[in-house]
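Next, two complexes with chain A in common: one pairs it with chain B, the other with chain C.
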Partner chain A sequence: MAQAGMSSAAGEGDDKGFLNAQNLMHNMKIITACRTSLCAVAGIATGILGCTGSMGLILYLITYATVSLALLAKMGFDRSDYTAAKKDSGIAGFLLEGLFGLSITFILFWTLAYALVYVY
Partner chain B sequence: MVHQHLTLDPAIRNWCLFPLMVVMILASVLRHYVPMLFQSDKPADADDQKLRQTLGRAQRLRMNGRFLHGDAYRARRTYFISEEKEPSKDTEKGLGDGMKGALKNPPAADPTAAISDPSKMMGPLINNAGFVVTNMFMGAFSSYFMAGFVMVKVPFPLTSRFKVMLQRGVEISTLDPSYVSSVSWYMLVMFGMRNLIMLALGESGSAQDEQRAMQAQMGMGAPQPMFDAKKAFGEESTILGISLHAWAGDSVEQRLLGGRYPVPSLLDMPMDGSTKGGKKKGKRVE
Partner chain C sequence: MVKLGTIVAGLGLLVLLHAGYSAAHYRQFIVAAEGEAAPAEDAPPLDAVVETIVGFLLCVAGVVSAAGQMLPVRGPAGGGRSADAHEGLPGFAVFSHRAVQLRRRTQALIAAKK
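Up next, the complex of A and B:
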């Protein structure tokens, strides 16, 4: 959805790293939006599938890594152009960035869907 | 722990699970919009605004100064950054270098200003109070109306240590700790919904911020809370002092005419011709 709106934060002088702060904030907002909404959807899916325990955790990790990977692919695997990251920062940090903050959202929707389908 | 499966009454879902969630969401929305009501829209302080506009003029001079001729630019720069020492003798008093530049004379920061202004001090206080009050209200609401219900089953195993905390009000010693009561559902919704609420309300919030920034640019918005005139003036006067001035009109004929700009040797010829023609004319009249 909002991925199409991602705009390059780096200006003309790429090497010197002039950053357009507005684009940077816009990008961060889009990345957070993608991750949050996907966490909610993944939580609902996990709950409907009836996964419990570590299975749900694994599904969450897979979803999160996939979303981050998709975002990275959108950025051409070089996130220094789009985020405040350094030039040669690896992709591993991006994959699991903000994992714990969003896990509670995942757990909420996981619990909700699981309870609605299997408990009530 | 023996594996057990409970089927809960759908009435609990209808009258506890969903209402609590909806109320929490609405409370978050309320918490987001109520502080906007208390935001003061009173006009900015005149002195403060004066300082900002001085700074803005200096910045504009620095950025667009190339459209001014050298003398005009220097006069304006002097107005902004001249030092008080070494007054030049030939100018009238106050107009030469002896004048203190507009940027060199920031008013002393008034530490009592922020404190004496009640609205500035009350803003964060009201926000905090609102947060605490709504949280207390929600906590009381959930524990008063929904005490003693087994609300949901979390889909992961919990150890029996969590029973005391998560099954408050449900005193069944054999119940699987995964079945939790209203308090834990309340906590889960409170923390889990925060991200989504931010996502949903972030749009309007940022739009408002942009609008405010635009108003501030036009000089009629509320001032940003942290404006240190002394620091900003010092920085700006340093930058203005070291910035070089090149007049844009220096070689403007050449740039406008491009290839048709005459080389000096060619320039002489039509002038000669015209003078000759003038002479001829004069002869005829005679």
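Up next, the complex of A and C:
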């Protein structure tokens, strides 16, 4: 009951006031979980297509941007409602955000699928 | 009850697996036809490529929609606090009131009615 109507003061403040840190963490969890699982699926798809080397990395960028676009659509194309971004911030920063961390996952599933289809 | 997004994502995975199987099968055809293993540069046939893309897009749509609702991060200015003091302030929580007596009387009335 102490939570009713009170936002926690943690998290970055913007011009108006405080962000609801609980909801922010919840949204970040959703975004990260979606990105991780879909990067794995993208790795499998790239392996099936038989891409090697730079073609595969280009495909990684394209699939990652697609996943981010889908997440943006889920947020109604207004990032400021659900993340800590400022109002009216562009989508370009969000499209390739966090891709270095998930590149290992992508490469893992990519080599797995490539080996299963093309080597065995 | 299973979410629709989960079903769509599962379908996308199945389509992807089927595309992979057909790509592997295609390479076996090449081995049977030419008598030696297919070079690794051979792309799978066009329908397998299209099927892979379709499977991936189905997975994206399914996972993103099944991921759960996003909650708004910026509340109304001022924190959205209500002016109703009785909800939050512990000083207004009364513990000694007439509910005990009331319950006893109601029970007695119900018992008397039977």
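One rule holds for everything that comes next: the second predicted complex is superposed on the first by the 103 of 120 C-alpha atoms of A that agree within 3 Å, B and C clash if a C-alpha of one lies under 4 Å from a C-alpha of the other, contacts with A are read in each partner's own complex, and residues count from 1 in each chain.
Simple rule for what comes next: a contact is a pair of C-beta atoms (placed from the backbone, for glycine too) under 8 Å apart; a residue touches a chain by one contact, two chains touch by 3 or more.
All of these numbers come straight from a predicted model, not from anything done at the bench.
Please indicate which partner A:37 is in contact with in the superposed arrangement: first for chain B, second for chain C, both, or neither.
both
Touching A:24, do we find chain B (first), chain C (second), both, or neither?
second
Quick check on the superposed pair: does A:95 touch chain B, chain C, both, or neither? Answer first, second, both or neither.
Once the two structures are laid over each other on A, A:95 reaches no partner at all.
Under the stated touch criterion, name the partner, chain B or chain C, that contacts more residues in chain A.
Residues of chain A touched, chain B against chain C: more for C.
Touch check for A:116: first (chain B), second (chain C), both, or neither?
both
What is the contact status of A:74 with respect to chain B (first) and chain C (second): first, second, both, or neither?
Only chain C is touched by A:74; chain B is not.
Contact-wise, after the overlay, does A:49 reach chain B, chain C, both or neither (first, second, both, neither)?
Second partner only.
Using the superposition on chain A described above, determine whether A:82 touches chain B (first), chain C (second), both, or neither.
The answer is second: A:82 touches chain C but not chain B.
Does chain B (first) or chain C (second) touch A:105, or do both, or does neither?
first
Look at A:66 in the shared chain and tell me whether it touches chain B only, chain C only, both, or neither; answer first, second, both or neither.
second
Using the superposition described at the top, list the residues of chain A that contact chain B and also contact chain C.
Comparing the two interfaces on chain A, one with chain B and one with chain C, the shared residues are 33, 37, 47, 52, 116, 118, 120.
Which of the residues in chain C end up touching chain A in this complex?
Within the complex, chain C touches chain A at residues 12-13, 16, 19-20, 23-24, 27, 40-44, 48-49, 52-53, 55-57, 59-61, 63-65, 67-68, 70-75, 77-82, 87-88.
Which chain B residues qualify as touching chain A in the complex?
Going through chain B, the ones touching chain A are 6-8, 10, 12-13, 17, 21, 151-157, 188-189, 191-193, 195-196, 198-199, 202, 206.
Give the list of chain A residues in touch with chain C in this complex.
Spelled out, the residues of chain A in touch with chain C are 1-2, 4-7, 14, 16-20, 23-24, 26-27, 30, 33-34, 37-38, 41-42, 44-45, 47-50, 52, 63, 66-67, 70-71, 73-75, 80-84, 113, 116-118, 120.
Considering only the defined contacts, which chain A positions touch chain B in the complex?
Chain A residues touching chain B: 29, 32-33, 36-37, 39-40, 46-47, 51-54, 56-57, 101-102, 104-112, 114-116, 118-120.
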